[in-house]
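In what comes next, chain A is part of two complexes: it sits with chain B in the first one and with chain C in the second one.
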Partner chain A sequence: MALTYEAISSQTLGTTAGTITLSSIPSTYTDLKLVMTASSASSADILLNVNSDTATNYSVTYFYGNGTAGFSNGGTNQTRTQITALGTSATPSFYTIDFYSYAGSTFKSYLFTSAEDKNGTGTIQNGVGMWRSTAAITSILLTCSTFAAGTTVTLYGIKAA
Partner chain B sequence: MAVSRVKTSSILQGFPKSRSLLAGNAAYIPTSFESIATATGTGASGTITFSSIPSTYKHLQLRWNARSTFNGQVTSMSLQFNGSATAAYGRHTLTGNTAGTFQAGGNAASQTSLAIGTVPANTGLANAMAVGRLDISDYALTTNNKVVRIFNGFNTNGSSQDDCQFISGLWVNTSAITSITLTVNTAFATTAQFSLYGITG
Partner chain C sequence: MATTYQLISSQILGSSSASVTFSSIPATYTDLLLKVSLRSDQAAYTEVFNLRFNGITTTTYSYTAVAGSSGTTSSFAASAETYARSGPTPGSVNTANTFGNAEVYIPGYTVAQNKPIGAFGISETNSANDAWVQSNAALWRSTAAITSITILPIGGPNWVTGSSFYLYGIKNS
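Our next item is the complex of A and B:
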């Protein structure tokens, strides 16, 4: 039986890094799901680009809560999708990004979540992003000032019948 | 002895491991997330129905990449279980949009269908799609009302009021869910795709 939910790649950073790249993504799945547990010495945001595209082809809408109130925001014609700040090594953050019909003929939309809890402060965020391109997504680039060692990223393929 | 049940743990502990059940191959691991059915918009119909859903899974997940041919920028999408239009659907919603309006108070009770999100339509940005996933827990139990969770969103680069939502939904009915009918105004675009998955327990 063909696997429907399958790990495509997985990596754990052995040392600090400024970028994480997932490349040579096959087009054989229906959707992709990225799962990441990440931390950093700084509190820089995570930036998402696909297919090395840094043109103003990204837009985003999101809402978040910080334990006190809820907010929403978004942006258009951006050069990447910005996701909320990282946790620290003691309190890593948990991220998911679902890319739908990533190899299809429409613009590419993705839903993302982030959960960051620092035992007293933190944020939780849900959002939707769009990459204005009909090209299949073949690579994903995550950028941060410094991903800490121990950061893990796993990419799954989800295949419909 | 007839084999009536196979568990991953029993396969992987102390026995030869085989993906194709031939000795020497990689371990066979039963999948727990299975594709049940897919559906694509026709451009002519505003409904898509997944029927004859087997009761053999523990949970269901529906995933979509959707758009409508409705003559407007966006339109809403809703669902009914088992073809029921009885006023027995409830929902609570967290919504965020690009204009910065966060809403935590969206709720509705005793509805005849469950609104599960907004999708771009004919006069909206071309090629923009709404995406989402719907999780239905214990859909086959006949002792509980049915509860669902939805995460959806769409983005048109600001050409319409883009939003994303986190929704809890309720169907006040203890019947096992055997069909799901999705509805939009006018028709689902031919680029709209829906995939239904079963998750084993």
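Our next item is the complex of A and C:
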């Protein structure tokens, strides 16, 4: 049986970093799944860009909760997709981003989750983003004020056949 | 290339059970993914489910959730709990033969750090008041590797026949 779920790359930060780049993504899969455990020295959102595109080609819709209030929100014509803030403790938070038909010639949609519970404070976010481009996704850029050492990012490729 | 997504174990209940445990989880994967389809015999309200790791019942768990039902979005949280929580699932008060489905992702389950957990679940019952979608962030404050997972109904007392539990291991290399 053919393998349908493969690790494309994985990296664990040995020191702090402001960005994490996943580049040279092959177009041989159907979908991509990014899995990350991360923490930060300072509270800051994670920003997602693909193919180094910083034009207003992104939009997002999400629902969110912080333990006391839940709501839904979104944005259009943005320069990146903004994902809920990292915590400031050494306790890592958990993130996933699923990119669908990333090598196809239609606009690219992706689902993301942000799960961070700090035993008394926390946030949870589920969202859908869109990148309005017909180009295949070949690189992913994650930006944060400071990703802490130990942050781990793995990119999986998923094949339909 | 190595296989990165493997079924570790599964359990499909042939009779009702108060809990389900996956034990002797090997340390050879990077992450764990638990997929469940659940219904309890709780009669008073819609059910949710609790997770315990390594049999630990101390107050080392917490969670933050956002949920939607009947056009309303809410959020709630709890700290210093004796379990991590996910959900929702139907109980016997809900439409017959309906089950809730959920995925629980546990990254870095052997890493010597506190364990973050992400969960997403739904319970669609063809009833405006009892259908839910819920997403949970949870935390187990332990540096120990996870070697067992127990899934319990909060009210129960039992998971009903036909409830299913699948535990997958995911490797990043």
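Here is the rule we use: the second predicted complex is superposed on the first by the 158 of 161 C-alpha atoms of A that agree within 3 Å, B and C clash if a C-alpha of one lies under 4 Å from a C-alpha of the other, contacts with A are read in each partner's own complex, and residues count from 1 in each chain.
The criterion applied here is as follows: a contact is a pair of C-beta atoms (placed from the backbone, for glycine too) under 8 Å apart; a residue touches a chain by one contact, two chains touch by 3 or more.
Remember, it's a predicted structure, so these values are computed and weren't measured experimentally.
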Fit or clash between chain C and chain B when superposed on chain A: clash
Touching partner for A:61 - first (chain B), second (chain C), both, neither: first
Chain B versus chain C as contact partner of A:35, first or second or both or neither: second
First (chain B), second (chain C), both or neither touched by A:71: both
Which of chain B and chain C A:126 touches, first, second, both or neither: both
Touched partner set for A:116, first chain B, second chain C, both or neither: second
Which superposed partner A:3 touches (first chain B, second chain C, both, neither): both
Stretch of chain B penetrating chain C in the combined three-chain arrangement, among 37-45, 91-99 or 127-135: 91-99
Overlap of the chain B and chain C footprints on chain A, listed as residue numbers: 3-5, 63-64, 70-72, 113, 126
List of chain B residues in touch with chain A within their complex: 31-38, 63-65, 67, 94-102, 104, 125, 127-133, 151-158, 162-164, 166, 191, 193, 195, 197
Interface residues, chain A side, partner chain C - complex: 3-7, 10, 35, 37, 63-72, 90-94, 96, 113-126, 150, 152, 154, 156
Chain A-touching residues of chain C, taken from the complex the two chains share: 1, 3-5, 30-31, 62-68, 73-77, 79-80, 105, 107-108, 113-114, 116-120, 135-139, 141, 170-173
Chain A to chain B touching residues, read off their complex: 1, 3-5, 30-31, 59-64, 70-77, 98, 100-101, 104-107, 109-111, 113, 126-130, 132, 134, 158-161
